[in-house]
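Once you've had a glance at the structure underneath, I'll fire off some questions.
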Amino acid sequence: MQDLLTEIADTVGRSEERGKLADYIPELAKIDPGHFAISVATADGSLFSAGDARIPFSIQSISKVFVLALALGRVGEALWKRVGREPSGQAFNSILLLEREKGIPRNPFINAGALVAADTLLGAAAPGEALSALLRFIRSAADQDDIHINEAVASSELDTADRNFALAHYMRSYGNLENSPDRVLGTYCHQCAIEMTCEQLALAGRFLLDTGEMPHLVSRERKRRINSLMMTCGQYDGSGDFAFRVGLPAKSGVGGGILVIAPGRGAISVWSPGLNSYGNSKLGTEAMEAFTRKIGWSVFG
Amino acid sequence: MQDLLTEIADTVGRSEERGKLADYIPELAKIDPGHFAISVATADGSLFSAGDARIPFSIQSISKVFVLALALGRVGEALWKRVGREPSGQAFNSILLLEREKGIPRNPFINAGALVAADTLLGAAAPGEALSALLRFIRSAADQDDIHINEAVASSELDTADRNFALAHYMRSYGNLENSPDRVLGTYCHQCAIEMTCEQLALAGRFLLDTGEMPHLVSRERKRRINSLMMTCGQYDGSGDFAFRVGLPAKSGVGGGILVIAPGRGAISVWSPGLNSYGNSKLGTEAMEAFTRKIGWSVFG
Amino acid sequence: MQDLLTEIADTVGRSEERGKLADYIPELAKIDPGHFAISVATADGSLFSAGDARIPFSIQSISKVFVLALALGRVGEALWKRVGREPSGQAFNSILLLEREKGIPRNPFINAGALVAADTLLGAAAPGEALSALLRFIRSAADQDDIHINEAVASSELDTADRNFALAHYMRSYGNLENSPDRVLGTYCHQCAIEMTCEQLALAGRFLLDTGEMPHLVSRERKRRINSLMMTCGQYDGSGDFAFRVGLPAKSGVGGGILVIAPGRGAISVWSPGLNSYGNSKLGTEAMEAFTRKIGWSVFG
Amino acid sequence: MQDLLTEIADTVGRSEERGKLADYIPELAKIDPGHFAISVATADGSLFSAGDARIPFSIQSISKVFVLALALGRVGEALWKRVGREPSGQAFNSILLLEREKGIPRNPFINAGALVAADTLLGAAAPGEALSALLRFIRSAADQDDIHINEAVASSELDTADRNFALAHYMRSYGNLENSPDRVLGTYCHQCAIEMTCEQLALAGRFLLDTGEMPHLVSRERKRRINSLMMTCGQYDGSGDFAFRVGLPAKSGVGGGILVIAPGRGAISVWSPGLNSYGNSKLGTEAMEAFTRKIGWSVFG
């Protein structure tokens, strides 16, 4: 395993064509595009890494997986009255379907759906409390204490959050937001600004594996269901292609990270800041394709 | 396994609310909605069934799986220049995205994409030859000789194929159809009119498993990829929900059949003619949910 | 003329089927749906009225005509870089096309376009100043001093302005809003809450006629162009039907008013609070159809 | 008037930037883009022309005006159950709204709506009879015998009619086509291939004027209504802009012709084969803008 990761870091990780940094969030545009890291936390308790696996990065939309788990913990299956479970076939920040489908977002991994999940996480609590609960969950999943929120990134996102504000107001006009757009966006921009290392992310991802060794934060049924949503919706309108190439459930973030779950085997994380046309890490996707082809962890046979 | 199937046939199979027959194809509207069947062809060579598993039914869009395999066999990865690999987020017969995406259908399982696959299967051959090759493939996969095309159904479909003709002409206007719409629709309506029993369908589905016992009609890589497309796109705009509930790649047909693949374990087929709002078998979906919950074959852990 | 108006008020004005009050703005939902008024300010300086023509009502989107005139006065043809001149083919508050057309609204009479016009009217001024300039313009056009803003209505609109906030934030994400959504919506909700009587509205409308007697607030070229936009876009996605039935440029508001221009002949205003399915006054539209059929003022021959 | 037309032919008619020939119909792509003609048939019976006003050209979609008049003559207002009266906000050959609006096209001037009108014109008649009736109508309106159909153009269009076939089949799937797509397209491609000179077109256009001198082929009410549809829908998704610039109802064709009606004053025709981005004659539009600015025939004051 270690050899495989090292080989991937030395080949894929050093590609010339590294994709494009997310430039709409000024703080993220400052990152060195040369970074690359890959980590695997196996179901039997081992951890393997290659590359810059101990440099913290902004997990961005990967946070939607943890928030979904918490929101489901808070309201259970009632969440599905407010958000769907289908791929949207549109870009992550699209507002098109929201008009046709009367304020019910297609799934909890596109921005609109993640705002509903953040609103659910908030409930009647203060944003600070909700964010503390989220950090506690992630730290506990990873068994790591130093996972934190980067306030500069959160603030940078809030300043450029007009499209997300539009989504929030739009859903509110249909009664599908309990809290004010200000509170929901405040929470959302902070959850996106959580920073952790590639190693920590792989460790945190283990909560979606179902083996004796792993932290039992959610039920087996719920793990499966979150994994299914990651498979069909986790890479936005590139989800079908990712499933075709990699064959594993995964969630990407515009910070260049991807969390990938190989049920029964391990949690994998990759990080490379440059993005492909769907807004997913370019080298991260290529690394995962190389990884599963070699190791044969596809869920599809 | 036999007990489980019998129990499902006795409970789910006898539900009062059985969904709605596809009424736009007159021949299909004549079927008795009371039918129910479930079969499992396991990776180790056993076959289990319950219900009307030896009554032939129209496989309809399930044929798209076999045609895709043959089309990939014919032109290889070049097929992906003419059709995408992403869920469409729209109904199976939608023409919306085709306009925005200049005649390239989202995936080979919505009607537009299946017409491209049928066009590829045809190539320069006569429709009769192409259909013979398709029947040979399916008979060989199932190891059953009496799988056939119901000409009355094919003819009934051709009479009511205006939306499919619209899709074909539309793609042709973008140069994404080699054969005439008449030839492509002639082939397509016949492939949809293939009839087999639930048992035969489960046996035929084994070609997507990767075990020593199974017929080796396509490469392991290709099996995985076809399975991934079934997972993300196999139930049209209900694919996300099916993945969430059942956790296995599958392809449905408006005849009420569903072919489900449990990689490494077995191929499952269900048949109940009434459809849910997505156009997938209502009781078939419920039966598969009950089946995987009990037996734990979800690919998601 | 007086006889015609009286006859219309006595017949159309007393119809049983009066349409539906706009219920999304609580203050507007309180209006008595039994009101009906019609006024004609002729190009030669006469004023005719029938019905409740001296009861003030909320002009709502009719204000967009005056704001457009002022915005064009402020920045001239440069406005058309930020907003189009085409019918949208969608509902007045739709956000669909805004996504496809990158934040440039189709025309200044749908909500998104009116927000751009309000933003232009604002420029670097305080909302209070902009609104004062608007009131001065309308009072001057009507030669009436007691036209005012109803603060209760403005405040009621601001409380239920989520869809408009969504439009504002969305356009801002594309750089098509200079002022903050709060400032623009504050201005917009106040302009919509302007109240005047049916008589005053007909008098104010004369600024779009081109005759010696009328106040010369805008150039002849600009009058024509504003009239053309009222013809093609003034009744949202019911504009074609209104042109077909009435044959005159017009702008409606959800308060139930419609301002209609008969070039060279007169300005007509009608008021009846119940709306048809497009959000335009039901009896107002019917009254205008009866009026032009009788008097033959259609611009179409 | 003659001086004005000569001036326009000498200035606008000689512009360097002449737009782009319609290249999807091979026969039309052969036309010399250097042609320019303008003709005015006044309400009092005079005829003025400048440029190549006696060279026949393909009227293409301008034929939709004559077919609409005949279809209304055949079935009256019942036509409006099968086609709307609203601008579509989409390209002339778009199929998008047809899906959302269940096979009812937005208006009779986009292709889908024109196919419904052609289907209505056909009724139970043979295509040959329907086309004869159409030619009789146009010849009678123009008082010219040598207006004819160019069979080479008709045949060229039929060969490249896949998008129109798609529209026809699509509407037929919703029951909104009585005749087969083959018959309707056969008729439609022939009506588009009618050829006449710029002079003849201006003369034929007089049937939409309402003065004592003109041929009375349709009622006054119907003239107004057809004119209103030309205003709101006659230039596809450039209709609003045309109304803004020119201020007169008009219908364009991809052959580079435009028929413009100045109610009470005259019928104007222009021809220049190069098209703008909406598919309307580039120099034709510019010529009409210059013409109405000078002569002041805008219906808007």
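Each chain carries a letter (A, B, C and D) given by its place in the written order, and its residues are counted from 1.
By definition in this document, a residue touches a chain if its C-beta (ideal position, glycine included) is under 8 Å from a C-beta of that chain, and two chains touch if they have at least 3 such contacts.
Chain labels with UniProt names: A, B, C, D = Glutaminase.
Keep in mind the model is a prediction, meaning the values are calculated, not measured.
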Chain separated most widely from chain D (Glutaminase), comparing mean CA positions: A
Chain C (Glutaminase) and chain D (Glutaminase), separation of their C-alpha mean positions in angstrom: 32
Using Cα averages as centroids, what's the distance between chain A (Glutaminase) and chain C (Glutaminase) in whole Å? 46
Using Cα averages as centroids, what's the distance between chain A (Glutaminase) and chain D (Glutaminase) in whole Å? 54
Hunt down the residues of chain B (Glutaminase) that sit against at least two other chains at once, touch-wise. none
Pairs of chains in contact (touch as defined earlier), listed by label: A-B, A-C, B-D, C-D
What does chain B (Glutaminase) use to touch chain A (Glutaminase) in their complex? 84-90, 97, 106-107, 208-210, 220, 223-225, 227-229, 231-233, 237-241, 243-244, 247, 249, 261, 263-264, 298-301
Please give the residue numbers of chain D (Glutaminase) that touch chain B (Glutaminase) in the complex, ascending. 94-96, 98-100, 162-163, 165-170, 172-173, 181
